[in-house]
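Each of the next two complexes has subunit A plus one other chain: subunit B in the first, subunit C in the second.
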Partner chain A sequence: MPPEFVQWLQNAGLATAIRESAIVYPVILSLHLTGMALFGGMILMTDLRLLGIAMTKRPVSEVVEGLRPWKHLGLTLVVTCGFLLAWSKIAIYYPNPFFRLKLGLLTLVTIHALVFRRSVYRNTRELDRSPVIPGRAKLAAALSLVLWIGLVSAGRWIGYWEPKAAAPPTTAQVN
Partner chain B sequence: MWQSFKWFFEWNDKTWLGQAISGTIWAFPVIETIHILALTMMFGAIVIIDLRMMGFGLKKQPVALLAKNLEPYMTWGMLTMLATGYMLFTSEAMKCFVNDGFKFKMAVLFPAIVFQFTLFRWVTHKDEEKRPMLLGWLVALLSLTLWFGVGIGGRAIGFV
Partner chain C sequence: MAFFLAYDPSTNPLNSNEWAFPVCEVMHIIGFATLIGTITMVDLRLLGVGMKKESAADLVRDTAPWTLFGLALVLISGPLIFSSDPNLYLANISFRFKITCLVLAIIYNYTIHRKVALSQTSGGLAAVVAVISLALWASVVFGGIFIAFV
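Let's look at the complex of A and B:
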């Protein structure tokens, strides 16, 4: 994207209000993390069940469907807050390689969801009837874990990168 | 009271581990990333138990069974967080000493840990029939509040 366009995006009223308020940005960031913890926890348990590691005595459908509403709540929270955070400082974030990595992983996560949604996550009754968990479901779960761990890590590393990193970032500047 | 712990922070500021971590640019971010991934594991397990105790989600599983199924994730998540959290702390102990976010986090963290292994454990393992609904709600809300407070305190360290 041309820098002028990125700057223009960031100059929008709402984005400026978020960026310049001493309290709003940290509050949205905290909500982003709350959503992440909720969503991440639900994803982790869903995937561990599909891999046959956690809650194996309960049917797949029960675990996956029982956690789904909370997974969706966490996703909504994390995406909404993430979008606001990114928008409010897009001119700062846009050149950041970890931010770009995170966007890339976000794209892969979306593709993952489209590919496996029908055959795995919305097909839990079928998985219940199968004597062993099919390879496709295990693959979906393993890929999901790798992608989300990568995404969370990339997100955390955004805060440690500085343009033209001549001097090592000191922890005081990191937030 | 806080001032009387100063020697502890000063000692931690000089440990070889802390020096080693603050001596590189990559160690702190790597450890913090593990800290956050472990947070997700622990918080996820706790939230699932809390929600179940309030009557939401996974209703077919009795609370006690669900709690026993998820306790390893909770415990290992917490141990990983404490280990990585200590490493982060010892690499910048004197900065933490004067940081209000850190003070708040510690003030909530210790009660949260004690609560998790006492009241929380006792109530979640209790026979559901004999547990008053209100007690379940109170314990679940208290657990959510305490851990949310720890998270807010942790996040605040980087801002205050």
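Let's look at the complex of A and C:
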């Protein structure tokens, strides 16, 4: 994206209002994290169930399907808040390599959901009947854990990266 | 308090190692997501809106080791983050609010919340217990974020 366009995006009324308010920005950030608390813990329980580590007394279908609507609600909250936070400071975030990494991981999470949807997440009756959890379901769960922990890490590291200061002009350039 | 006043945070590896602090923060986020996510599952059941195939009592028993795992992660990473600058945190009103809510939330979780979930109580009382639980944990998260903004 050209820098002028990124700056123009950030100058939009709503983005400016969020960025400049002493209260709105931290409230959205808190909701972003509250969504993670709701949604993140439920992803973990789903993945650990598929891996055969947690809630093993319960059928896979009960855990996966029982948590699904709540994970969707959490995801909606996290993504909406994340979008607003990113938009409000997009000119600052856009050059940040960890921000870009986070967007890349979000793309991978979407691909992951599409790839494993039919065979794992919407196939829980089959998984209930299977005496052992199939490798494909375990692979889906393991990849999900790696991707989500990567997303959280990339998100946190955004705050620790600073753009290199522009090099001071040399005499040759000044003259 | 005197201990903290005499302590020089610059001697803390968390303040000299580039990776240490964000690693603690990631551990903190994963910890509270596990802790609060598993408690929320019980709350949704107490409210009668989620995980309805399982009883609240079974849900508490099934998630308890993971709730404890999440609690352990936050209780390790939290004090480490705190140690990076104790005086700053102690003077911060949002930090004080957060810690108050956290202590109440932990006590509440292992007393009233657990007892009600295990006793198969349902209806109004169960719903009130769940709402208080959700409000306490959300307050902890909000208090934590606002440390950086007050």
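Convention: the second predicted complex is superposed on the first by the 164 of 175 C-alpha atoms of A that agree within 3 Å, B and C clash if a C-alpha of one lies under 4 Å from a C-alpha of the other, contacts with A are read in each partner's own complex, and residues count from 1 in each chain.
Keep this in mind: a contact is a pair of C-beta atoms (placed from the backbone, for glycine too) under 8 Å apart; a residue touches a chain by one contact, two chains touch by 3 or more.
Quick caveat: nothing in here was measured; it's all calculated off a predicted structure.
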item	value
Subunit C versus subunit B on the shared subunit A, clash or fit after superposition	clash
Touching partner for A:Met55 - first (subunit B), second (subunit C), both, neither	both
Partner chain(s) touched by A:Ile149 [first = subunit B, second = subunit C, both, neither]	both
Contacts of A:Met1 with subunit B and subunit C, given as first, second, both or neither	neither
Contacts of A:Leu114 with subunit B and subunit C, given as first, second, both or neither	neither
Contacts of A:Gly41 with subunit B and subunit C, given as first, second, both or neither	both
Contacts of A:Tyr160 with subunit B and subunit C, given as first, second, both or neither	both
Footprint overlap on subunit A, where subunit B in one structure and subunit C in the other make contact	26, 29-30, 33-34, 36-38, 40-42, 44-45, 54-55, 57-58, 62, 66-67, 69-70, 149, 152-153, 156-157, 159-160
Contacting residues of subunit A [partner subunit B, same complex]	26, 29-30, 33-34, 36-38, 40-42, 44-45, 54-55, 57-58, 62-63, 66-67, 69-70, 149, 152-153, 156-157, 159-160, 168-169, 171-172, 174-175
List of subunit C residues in touch with subunit A within their complex	18, 22, 25-26, 29-30, 32-38, 40-41, 44, 50-54, 58, 62-63, 65-66, 70, 137-138, 141-142, 144-146, 148-149
Residue ranges of subunit B touching subunit A (in the complex, touch as defined)	22, 25, 28-29, 32-33, 36-37, 39-41, 43-45, 47-48, 51, 56-61, 66, 69-70, 73, 91-92, 95, 148, 151-152, 155-156, 158-159
Interfacial residue positions of subunit A with respect to subunit C in the complex	22, 25-27, 29-30, 33-34, 36-42, 44-45, 48, 54-55, 57-58, 62, 66-67, 69-70, 149, 152-153, 156-157, 159-160
